[in-house]
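Below, each structure is written out as structure tokens.
Two complexes come next, and they have one chain in common, chain A, joined by chain B in the first and chain C in the second.
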Partner chain A sequence: MDFLNAFVALANFVIIPATAYGAQLALGALGVTLIYGILRFSNFAHGDTMAFGAMITILVTWGLQGMGVSLGPFPTALLALPVGIAATAAYVLATDRLVYRFYRRQKAKPIIFLIASMGVMFITNGVVRFIIGVDDQRFADGERFIISAGTFRDLTGLEEGLAFRATQGLTIVAAIIAVALLFWFLNRTRTGKSMRAFSDNEDLALLSGINPERVVVITWLIVAALATLAGVLYGLDKSFKPFTYFQLLLPIFASAIVGGLGNPLGAILGGFLIAFSEVGVTYAFRKVATYLGPEGWEPSGLLQLLSTDYKFAVSFGILLIVLLFRPTGIMKGKAL
Partner chain B sequence: MTSDPYQTKRGERDRSITREPPHRIGDPVGTHGPTSRPEGEHPFLIGEAMTGGYGMGADILHDCTIAVEPGEIAVIVGPNGAGKSTAMKAVFGMLNLRKGRVLLDGEDITHLSPQDRVAKGMGFVPQTSNIFTSMTVEENLEMGAFIREDDFRPTMEQVYDLFPILKEKRRQPAGELSGGQRQQVAVGRALMTKPKVLMLDEPTAGVSPIVMDELFDRIIEVSRTGIPILMVEQNARQALAIADKGYVLVQGRNGYTGTGRELLEDPEVRRSFLGG
Partner chain C sequence: MISRGPIFFALVALLFIGTGVLQSWDLALRLLNMGMISGIMALGVNMQWGYAGLFNVGVMGFVALGGLAAVLVSMPPVPEAWAAGGPRILFGLLIGAATIAAAIALWTVLPRSRLRGLAIVVVLVGGYAIYRVVILPAVASVESVNPSVSGYLGGLGLPILLAWPVGGALAAGAAWIIGKTALGLRSDYLAIATLGISEIVIAILKNEDWMSRGVKNVTGLPRPVPYEIDLQNADWFRDLADRIGVDVVTFSSIFVKLCYFGLFVAVTIILIALTQMALNSPWGRMMRAIRDNETAAEAMGKDVTRRHLQVFILGSAVLGLAGAMMTTLDGLLSPTNYVPLRFTFLVWVMVIVGGSGNNWGAILGGFLIYWCWEQVAPIGGWLMENVVTAGMAEDSPLRAHLLDSVAHMRLLTMGLILLLVLRFSPRGLLPER
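This part shows the complex of A and B:
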């Protein structure tokens, strides 16, 4: 029995990666949930909006790197992030003007918005692939580790190493700051409150003199910022590939729905729930079990519930269970 | 079937709160020209000879007139389906009027959207979904004052004076309150704009008789602050008892009109609507 090493192995392979992934999903799900709460439709273009924001940020990062600009231990992408957010904001506002506003004027049903958003998704997808290509792009630079496995072993004298990558640390810190800012905005400012009022009861918000177009624009701006941040953090942590971002749509929607659509707190909770389930179910627990079992014993199998190829099945499974037994999600969002 | 592919249930909907819908056949044509202020005594708010219905649907109101005098309580009563709420919505601009006009303090507001009417000083409390359930009582009141640029703290204090229970629960989400308290939040929210006239659509729907009496007391108190009130009520007897003016609607037409007392004592009205 070796609890310490078992825990370190678990932290290294499950807890830290899942926390970082959860933070990325939470940021993505917050965007989806805000659109659902305020514009009242499921935005299928969200994954590709993240890809668009990340793409702009990568292009600017490369430009900065070419000019020899760097942020020392931090990734240069942080410097390019504001440009990415601005470009994405312009892009989503353009899609709103060109596509969604028309349907809003018609008071179209949510399902029509959803299908329109699929069109926007395909176009965004095409634009991103056309500009940056379909391949993997790496753009992370600066310090790689906060603690590397080797340093950890030297420091603690444990057999098991624990690596805490800089991008994981950055993801978690950035997510905390973004979420804190978002909640401060929604709960403390007049504009934020008017957004919540609009989400809560549209007609009454209109009767109170809240300008719907202004609420919609602000929502898109926030969503652009969240999506770009989520996309860049995911790209830094793993790598940037347009197709991966398209696939991210599923876990992001699962997070938003599990937490309760339209409920920001639920989106965060859902993000971590999905991330931990996905990583936990696809992780081979053999090493951890070996440490926990009696001396000299080793499990014969990998102790892996699902191959990583099936990780999307986890999101699907959770989504299915939640929709069957608690359609409003854990935090009581709106029913689909 | 329908010419609008984007939604179903046409014709059952209220007119949009903000947007002026495109003109359709059957809509009122043109304006009524410059309106002269009527001489002498005039009602503060009047929906005059209103004819209209929802969307493209059949007319529900037929030549119906509803008016509120300054400082008075006017009540619209009548059997189910008589068009009580519809009449009030027509006054508030949530209906396409085919004939008639609406005057607020002598000004023709027939063509204004409900949102613009709020800016003109009309406060409206819908029958259902009349509060922000996920927001606290105080935030509800704050949202009520959204269009105001000045300091609304004094108004909030006045609302808390009128409804002391709201002050006690001001940090609580409004959705967690009881039915009667929610109605108080709804009325309080409407009062936050400092309206010149307050319109209540069945404020006592779904509350117990005790709470109903209390709500009526509160409404009288609001009226004493000088705000004229137009109210639709299911509970005809109690409503007429506090009304300065009553309108009994029958199938979208003015059936009987008079002071609350007159209507209560009118044998015809008693027999038909008040159960003898």
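This part shows the complex of A and C:
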């Protein structure tokens, strides 16, 4: 029995990666849930919006790296992030003007918005592939580890190493800051309150003189910032590949629905729930079990519930369970 | 209004004839065959969306299930693999199915309590553990049987035409599971659920090597039509080619494609006849009534969720059928070829452009959009080379990048077409009457 080593192994392979992944999913799900709350449709272009923001950030990062600018231990991408957010904001506002506003005026059904968002998804996907291509792009620089496995072993004298990558730390810190800012904005500022009012009851909000177009513009701005941040953090942590971002759509939507569509707190909860289940179910627990079992004993199998190729099945399974038993999500979301 | 259909079909026919004259007849026929299959896929989606307003974004999954059916039905069985662990795999699958059935039975039989939840969890976890213990060694031994050529159980060795209805049935089964959970809830939920199932179906095809050979692909599926090489060696065929005055090799390839075309036309005619009949029957009127006003239809005593489930299963079965047809035409099952943009979202563009709710529109959209999808890259490439980059230096990096990226033009174009049609002609080319 070796609890300490078992825990370190678990932290190294499950807790830390899942927390970082959960933060990324939560940021993505927040964007989806905000659009759903204010504009009342499921935005299928969200994954590709994330890819767009990340792409602009990568291009600016490369430019900065080329000029020899760096942030020391931090990735240069942080410097490029504001540019990425600004460009994405301009892009989503343009799509709103050109595409969604027309249907808003028509008071079209949500499903029409969804189809329109499919068109936007196609175009965004095409633009991203056109500019940066379909291949993997790496743009992380700066310090690689906060604690590397070797350092940790030397420090603690434990058998098991614990690596805490800088990108994981950055993801968690950035997500906390972004979420804190968002909630401060939604709960404390006048504009944020008007957004919540609009989301809760559109007619009452209009009656009390809230300008709907302004609310929509601000929503898109926030969504652009969240999507770009999520895209860049995911790209730094793993790598940037346009198709992966499209595939993120499923876990992101699952997070938002599981948490309760339209409920920001739920989106965060959902993000972590999906991330922890995905990593936990696909992790081979053999090492942990070996430490926990009696001396010299080793389990015969890998103790892996599902192979990593089926990680989508995990978010899907959770989604199905929630839809079956609690269709409004864990934290009550908007209507059924 | 009535004459609109034939005109559009004639225009699309001109596109294909133009391809034949300007490029090659072989290519034109290839596009025609795939266009026909795409039309059938669009027909399936149109049944779900046009008749009932159900939003299915898992087209790819149902199509892939059809492809799997083609392999499972038509490929010859691999006796060594069956000897190595076939029965054991089947037994494992049986245990898996029994576990799920037991869990559902517990759910319905036991009264609502904490005990029920616990019992179900115990059954599921225990069943899954037994399933894994039974199936894993068998899978490993099956996959190690001559992995470079087989490494899977093979199929039943039956004629591949049988696979078409089987593909439909497989897809219908998957649709039943999805429909049971996600129908009756918000329409967006069905969208996400179907998106999920399609990704999972592809993941299964890629990873369950014992069933589908995974990413190693299954090639050389038996054909329902003659092989080119046999035709080229047949006297009557050489004679025929001489009389017409064409090269035997080209003619054989065209002849084979024409055979496929005949089969596909037959299927399309049957489907169109059935769907038109259904649409004009009381059942079709009821479906449209439900789509246009669910509350009113419910007040009239219609079981909306049940009807939705029905049409969702029927539409998915058509998708599965189309998938089996496509795999038959390709002669191979390659899971990596299934990408959502091509198989899910492109079909949606076909339905929207063709005219949702109109069966002929779906077929038209299938032909037109598939033609565009295949031809945008060459046309775009030509434009890029001769117009956009004409003034640039031969070795300019921008020019090289632009020329390299031409392949992605098609996504942009399709998105643009979708948005333009949705905005300016939301009822599509052939509106619902």
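Basically, the second predicted complex is superposed on the first by the 334 of 336 C-alpha atoms of A that agree within 3 Å, B and C clash if a C-alpha of one lies under 4 Å from a C-alpha of the other, contacts with A are read in each partner's own complex, and residues count from 1 in each chain.
To be clear about the criterion, a residue touches a chain if its C-beta (ideal position, glycine included) is under 8 Å from a C-beta of that chain, and two chains touch if they have at least 3 such contacts.
Keep in mind it's a predicted model, so treat the numbers as computed, not measured.
J.: Could you figure out whether chain B or chain C reaches more residues of chain A?
T.: C
J.: May I ask you to decide whether A:200 touches chain B, chain C, both, or neither, giving the answer as first, second, both or neither?
T.: The first partner, chain B, only.
J.: Which partner does A:303 contact after superposing on A: first (chain B), second (chain C), both, neither?
T.: neither
J.: For A:147, decide between first (touching chain B), second (touching chain C), both and neither.
T.: neither
J.: Classify the contacts of A:112 with the two partner chains as first (chain B alone), second (chain C alone), both, or neither.
T.: Once the two structures are laid over each other on A, A:112 reaches both partners.
J.: Is A:158 contacted by the first partner chain B, the second partner chain C, both or neither?
T.: So A:158 meets neither chain B nor chain C here.
J.: Taking the superposition as given, does A:130 touch the first partner, chain B, the second, chain C, both, or neither?
T.: Touch partner of A:130: chain C, not chain B.
J.: Let me test your reading of the model: by the given contact rule, A:324 touches which partner, first (chain B), second (chain C), both or neither?
T.: The second partner, chain C, only.
J.: Between chain B and chain C, which residues of chain A are contacted by each of them?
T.: 112.
J.: Would you pull the chain A residues touching chain C in the complex into a rising list?
T.: Within the complex, chain A touches chain C at residues 41-42, 44, 99, 102, 110-112, 114-116, 118-127, 129-131, 133-134, 246-247, 249-250, 253-254, 257, 261, 305, 307, 309-310, 312-313, 315-316, 319-320, 323-324, 327, 335-336.
J.: For chain A, which residues count as touching chain B in their complex?
T.: For chain A paired with chain B, touching residues are 103, 105-109, 112, 190, 193-194, 196-197, 199-201, 203-210, 212.
J.: Per the contact definition, I'd like the list of chain B residues that touch chain A in the complex.
T.: It comes out as residues 4, 6-8, 16-19, 114-115, 118-119, 124, 126, 129-135, 139, 142-144, 146-147, 189, 193.
J.: Once bound in the complex, which stretches of chain C touch chain A?
T.: 53, 55, 57, 128, 181-182, 185-189, 191-193, 195-197, 199-200, 203, 206-207, 340-341, 345, 348-349, 352, 404-405, 408-416, 418-419, 422-423, 426
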